[in-house]
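Both complexes below contain chain A, partnered by chain B and then by chain C.
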Partner chain A sequence: MKVKIGDVVLPGDYCDEITADGVKSKVVLGPGLRKEVDHVYIMKAGVLRKRNPNTFWVDSYQKRYVPSRSENVIGIVVQKAGDLYRVDIGGSCTAALSYLSFEGATKKNRPEVQIGDVIYAKMLVASKDMEPELVCVDSHGKKGRLGVLNDGFVFKCSLNLIRKILNPICPLLESLKNEWPFELAAGMNGRIWIKANTMRETIAVGYAILGAEYLSDDEIKTMCTNIASILAGHVS
Partner chain B sequence: MAAMKKLTLPKSVLDMKFMKKTKERIENSKDHDNLYSGVITNDMKQASGNYIAESSFIYCTDLLEGRLSFKGMNPEIERLMEQEKPKGKEGDMQKDVSDEVLAKTMEKFNKRKRPFSPSKYNYIKKRK
Partner chain C sequence: MVAEDFKDFKLKPMKCELNYLSKSDGSAILAQGETVVLASVNGPLDIKITSQSMEKATLEVLFSAKGGKPNVSDRFKESVIRQTCETAILGCLYPRTGITVTIQELEDFGGLLTCAVNCTCLALLNSGLSMKHVVAAVGCALDDSGNLVLEPTYDQIQSAAATMHFVFDSRAKTLVTGFTTGIFSEGAYDEALERCRAASDLVFDFYREVVATYCKVIG
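For the complex of A and B:
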């Protein structure tokens, strides 16, 4: 069936607006779209979105993570294999993380990473047919925001929720950031790591994030105020 | 084609003893092009046309960095956040005086200054 931008789309639908743009200029086809000979076809169920100039994608509900390049993910070290750590990132197979891809690591000076550690890493290689590869440094060899995440609490959620809370227009983090100190790492693979000073505060952050999934912006603000007032002890 | 010829070294130079490696390299690169010319057709080069396939959402939507810290929980991360933040708001952040206040002050300043500044009246006086 022929569909327009903003429609709910199903696999097998096609969109002629994209084809029309493709004749004139370069077009970026994001996740869920595929160019065949005659049309641009939809491959996932969701909402067809466009961002100027000429970027199209399908916003779909998804829990399964498919590794793709240069995304930041949260992984758990499951095995030490010679020069590599094997890291579970929730994809179809584990990712490889070289012990040299940490800041200041050399062959003699190995980073202190144990099995079971939670790490925040960037996807370096993610190809269809190969094991994905992670790094914990940027191109300048600095660790930046990547590395081992100590303490804290990890939970899983849908991939949509990650995109929702990391969207700059989402009021969730704006509402929470002035309430109490906390730290957060959101991996594009649907895992969130949070850390706060007390267990009550940690639970509150986790609850706020998970609760935000099906709420509108105004409802999120109300929910955050409620949580903050409960935490502050005004309401029991 | 003219541009291509400009880049290549003259044959006499390539024949010199110390240019042996460069000569080999140039010949190899020619071979490389010829090797695949039969296999990669123009149709194959232009098959994707104007379409760029991107498997990640991070290029489609503007997302924040996924590692954040608030109210001094992790000073290291907050320092990084501060470094990246001011780019957008720089214009407002660096202003000590707002545009309106500046406009009003300048107006007063100009009014006060006018009698002393060279004006058409002064000009007329001089002529007399």
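For the complex of A and C:
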């Protein structure tokens, strides 16, 4: 079936608007789109979106992570193998993380990473034919916010919830950060790490994030105020 | 021309819930009339090296009947569903991985296999795996006097001379899978094929409706 931008799409639909734009200039096909001989076909069920000038993608529901390059993910170290750490990132196989790809690490000076540690890292290599590779430094050799996450609490959620809360227009984190202090790291692989001053506050952040999955922006704001008032009422 | 004549038909009412299971990557429960099937999809996952394929994802289908005891007819259903799904999934995007589909029969009042194929397709849509197209299965029965009954009930199937099931893709409505039992003429087969092809539109519309209900809030 022929579809337009903003439509609900199913795999096997095609969009001629993209093909028409492609004649004029280069277009970027995001997740869920695939060019075949004659048309641009949809591969995932969801909503077809466009960002000007020429980027197209499909917003779809997904829980299983498929690695893709330059995304920040949260992984758990499962094995030390020679000069590599094997990190479980929730994909089809574990990712490799070299012990040299930490800030200030040398052959003599190994970073202190134990099996079971939670790591916030960036995807360096993510191809369907190769083992994914992670780094904990940026291209200047600085760690920035990457590295081992100490303490805190990790939980899983769907991939589109991560995309939703990281979207700049989503009011969730904006409303929560004014209510009580906490730290948060969201991995694009559907894992969230949170750390707050007390257990109560940590659980409250967790529930606020999970509760936001099927809510609209206004409902999210109301929910955050509710949670904050409940929390404040009991603490004081 | 044939499709024109059968515009005013109805399929059994379909009801569906996606993401029915919280732990699996994609799941769906589908009721077609009184037949109910639950399907769950997991993958792409790591599998053992002997069953890995360099070119594409390995698909594994498990069908568990209501009675619990596996038998030969379940194996047949598994292979029908596996081959249907293999055409629909873009397995080349996930080489050396495995995709597991588990189907649980809950109620069987006729048309179990068509319901299972449709339910699997919905579970695959929910899992976010890349697919070439969606598939829709439609069944019909040929009674003793030679009349075609679309989506037969359990009693109609028991008394039917032949049953025919067809699976179509969503791109050009070409036949993906066909399975038949009993004795029928070539003409009856062709008529059944055209009727089911026309009826598959309703199933595709239903898929779109289901996806539209949750699409508003995921962005």
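Operating definition for what follows: the second predicted complex is superposed on the first by the 233 of 236 C-alpha atoms of A that agree within 3 Å, B and C clash if a C-alpha of one lies under 4 Å from a C-alpha of the other, contacts with A are read in each partner's own complex, and residues count from 1 in each chain.
One rule holds for everything that comes next: contacts are C-beta pairs under 8 Å (C-beta built on N, C-alpha and C of every residue); 3 or more make two chains touch, one makes a residue touch a chain.
If you're wondering where the values come from, they're calculated on a predicted model, not measured in any experiment.
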- Task: In the overlay, answer first, second, both or neither for which of chain B and chain C A:Val66 touches.
- Result: both
- Message: Just checking: does A:Asp88 make contact with chain B only, chain C only, both, or neither of them? Give me first, second, both or neither.
- Response: neither
- Report for A:Leu166: first if it touches chain B alone, second if chain C alone, otherwise both or neither. first
- Note on the structure: The answer to whether chain B or chain C touches more of chain A is B
- Item | First (chain B), second (chain C), both or neither touched by A:Val8 | second
- Task: Applying the touch criterion given at the start, work out whether A:Glu103 contacts chain B, chain C, both or neither, answering first, second, both or neither.
- Result: neither
- Query: For chain A, which residues lie in the overlap of the chain B contacts and the chain C contacts?
  - Reply: 34, 49, 66, 159
- In the complex, the residues of chain A that touch chain C are 1, 8, 10-13, 32, 34, 41, 43-47, 49, 59-64, 66, 91-93, 128-129, 159-160, 164, 213-216
- Task: Mind listing the chain A positions that touch chain B in their complex?
- Result: 22-31, 33-35, 40, 49, 51, 55, 57, 66, 68-72, 120, 126, 144-146, 159, 162-163, 166-168, 173, 176-178, 180-188, 195-197
- chain A contact footprint on chain B (complex, rising order): 48-74, 77, 80
- Task: Mind listing the chain C positions that touch chain A in their complex?
- Result: 18-19, 25-26, 42-46, 88, 90, 93-97, 125-134, 169-171, 204, 207-208, 211-212, 214-215, 217-219
